[in-house]
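Common to both upcoming complexes is chain A, partnered first by chain B, then by chain C.
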Partner chain A sequence: MSNKYYIFMMACIVGLLMAFTLKNASGEYRIVPFKVINDYKKVIEKEHAEIKSIRNLLDETTEKIEYFKGEQAEGDVGDALKKELDGYRASAGLMALEGPGVLVILSDGDRELIDGEDPNNLLVHDIDVLNIVNGLKIAGAEAISLNGQRVVSISEINCAGPTIKINDRVYSQPYIIKAIGNPDYLRAAIKAPGTYGNLLKQVGLFVEANTSVSITVPAYEEQIDYKYLKVIERSEKP
Partner chain B sequence: MIIAFIGIIVGLGIGFYLPITFPAQYSLYLSISIIAAFDSIFGAVRANLDNKFDTVIFTTGFFGNAFLAGMLAYIGDQLGVPLYYAAIVAFGVRLFENFAYIRRHFISKLRE
Partner chain C sequence: MNRFNLKTNIIIGLISVVLGIFFSIQYKAVNNDYLEGLFPSQRAIQLENELSNTMAEKENLQEQLEDYEAELRNIKESESKESAVIKSLNDEILKFRVIAGFEDVEGEGVQVAIEDPSAEMDYSGEAGSVIMYNYDLILSMINILNAAGAEAISVNNQRIIAMTEIHLAGNNLNINNVPTAPPFVVKAIGNSDTLEAALNIRYGIVWEMRENYKLQVGIKKFENIMIEKYKDVIKFRYAEPVE
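Showing the complex of A and B:
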């Protein structure tokens, strides 16, 4: 009899456990492995990080609004906006800029051709100018102009017969490149051994780079008329 | 045999009445443990019919099997291998064996 009583007790425990499980099993239920749970955890963490960054953005924007409100109280919100706009225009290349930098002069070589040598070797090509400009960019140039044309994000440097086309305008040599940045770095980007400018000089072209404490780079003058661009509403922080 | 079913039904009743729930996360381990415990109950009924019932063996088997089955499922989950199939198959086979034995015992008793 005591055995039966004992079995009854244990069966009660099994019943209890089953009841607990059945309570959980209400509704649609299937086994979820730990891996899936981990994956979801990762997704949730990512979402949390995003929420945090959005909160930061919100804080920043609130700060900005507070700043503008303060300006408004002082009565010169226009000045603050103008200052901000000028900053954007300067980085977009729509304003003339001034600062220390380097002035590069690029011209065809004047040495005698060796017998049978291709005269192209001594001419300045669009690709030469392009490489020089790229070298200046690598050296940290903040604003570049070529023969008075500002190099902006949509500027082309293209071959046009004996001339070079930039910003849809044709220029012949000499090509004068002005760049604002650290003058020593910029000069080194043209003159240092192994650079493209040094290579051109060795071939026989005229390459000259002079540093200056004050280089003036003009503004981009063409009308920028975007046809295909669309601003995405959800803008990242500038 | 009948006492075991009555026990399970009573346990179910109590379980549904009590306001206790397990986290759904551990539901898998619990269900594997239930299979192990269920097998122990059938084993106990069979041993009782043979008059070989031992309280210590039954208790250790009941809790030990349930714990081992739950652990197996947990380890399998951690490794990404469904190890709990081992518990399901092993205890499932034993469950049916025990049930067949009990069934034969009662049928032979009835025919006497």
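Showing the complex of A and C:
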């Protein structure tokens, strides 16, 4: 009698377990590696960042539409366009700007070399200036100049011995980098431990960064003529 | 339970064995889930749905944006036909928009693909992308392309504008505040022979990437390559025009 109950209980448990295991195997609970989950999350993060940018553009565009409609009603489209033009001239780097920011001075180190040390260690290289300028951009710089030359998208920075070439002009050391933005963030980008600027200073190069309430950055001077680049014509929507 | 017969014992025995087998299958499944970082495919399905919803939202917003941009253009250019002044203002605006990076552009150029070392070549034994942690190689490549006359550059379709940053944040490389990940595709418009030669000079950037970092780098020249516009706004909060 109790034997039969025992067998009955066992059979029930086995049955339940079998059903559960088979459900597992059916795919609903199949396992997926961490990397796949992580990849999904990364793509989702990227899509969210792009959505944020599109919203920024939407806000700006609707504001401009209202503004232009208003000006159009008053017959002042020309004036509105002149304001637009100034805005884009500033974004293109073709307008001198001023504001609070930081002044960075960078030059070769002059301490004694340790026995067997590579003298290159104490020299400023292209990559050093590139990293420092990048650090300022991460800290929100709105405009940057290097030895009086505006840094724009097509600017090149070439260090060769005691001189630096930027925007096809050659300058000698020290290298003076000016940046407009939040002075504290910008200064921290050069001085804070762990930053590239701080690392260079520890190695022995001369690196100084001072905040200022008024930094002036000149306009990009070169004439820009595109030899290869063409704008893609937008097809007009019906 | 005095009267054990063989048949009953065998049945109980078999059932116990089967029970044991199922228990161990379940135990193993649960063990794997938590110790080796595996997730139920339910989670993957959830994320897939979230991704497709997010992408649909983005497409929607993008279409809205294109409509508004077309409307704005129409207003701005409405008097171009009647007034030469208006037309020339609009032409100048387009010119500056191009320089600032706000327009899709195309032209002759090159495309460089940078991938992490293949499994056999990765000696470091670390989990982590070589090219991502050494992102200043990309800064260097952009600089070299500029020196060789590049007129527009993008990295993973992020347009490189004056204040574009490349920022290692967590497990992503943020460019223009948008997370990107390897492989990295660098596009540049300019004289394709000159650009390619500048990249390939002896002991130059591509040599350094391959020799010192074992990265896989491929360069292709194009008669026509398209580079996307910068897709955000530029706001000046600290800088003002000089009086």
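Some points to look at:
FYI, the second predicted complex is superposed on the first by the 155 of 238 C-alpha atoms of A that agree within 3 Å, B and C clash if a C-alpha of one lies under 4 Å from a C-alpha of the other, contacts with A are read in each partner's own complex, and residues count from 1 in each chain.
The criterion applied here is as follows: contacts are C-beta pairs under 8 Å (C-beta built on N, C-alpha and C of every residue); 3 or more make two chains touch, one makes a residue touch a chain.
Model, not experiment: these values are computed from the prediction.
In the superposed model, A:Pro33 lies in contact with both chain B and chain C.
In the superposed pair of complexes, A:Val151 makes contact with chain C only, with no contact to chain B. Contact with both chain B and chain C is seen for A:Thr21 once the two complexes are overlaid on the shared chain.
Which of chain B and chain C touches more residues of chain A is settled by the count: it is C. Using the contact criterion defined above for the overlaid structures, shared-chain residue A:Ile13 touches chain B and also reaches chain C. In the superposition on chain A, contact is made by A:Tyr226 with chain C only, not with chain B.
In the superposed model, A:Glu66 lies in contact with neither chain B nor chain C. With the contact threshold set out at the top, residues 3, 6-7, 10-11, 13-14, 17-18, 20-21, 24, 29, 31, 33-34, 37 of chain A are in contact with chain B in one structure and with chain C in the other. Those residues of chain A lying in contact with chain B across their complex are 3-4, 6-25, 29, 31, 33-35, 37. The residues of chain C lying in touch with chain A in their complex are 1, 8, 11-12, 15-16, 18-19, 22-23, 25-26, 29, 32-33, 37-44, 47-48, 50-51, 54-55, 57-58, 61-62, 64-73, 75-76, 78-79, 83, 85-86, 89-90, 92-94, 96-109, 136, 139-140, 143-144, 146-147, 149-153, 160-167, 171-172, 176-181, 189-191, 226, 231-234, 236-242. Every residue of chain B that touches chain A in the complex is listed here, in rising order: 3-16, 18, 20-22, 24-25, 27-28, 30-31, 33-34, 37-38, 40-41, 44-45, 48, 53, 55, 58-59, 62, 77-78, 80.
Chain A makes touch with chain C in their complex at residues 2-3, 6-7, 10-11, 13-14, 17-18, 20-21, 24, 27-34, 36-38, 40-62, 64-65, 68-69, 72, 77-78, 81-82, 84-86, 88-101, 126-127, 130-131, 134, 137-138, 141-144, 151-158, 180-182, 216-217, 224, 226-232, 234, 236-237.
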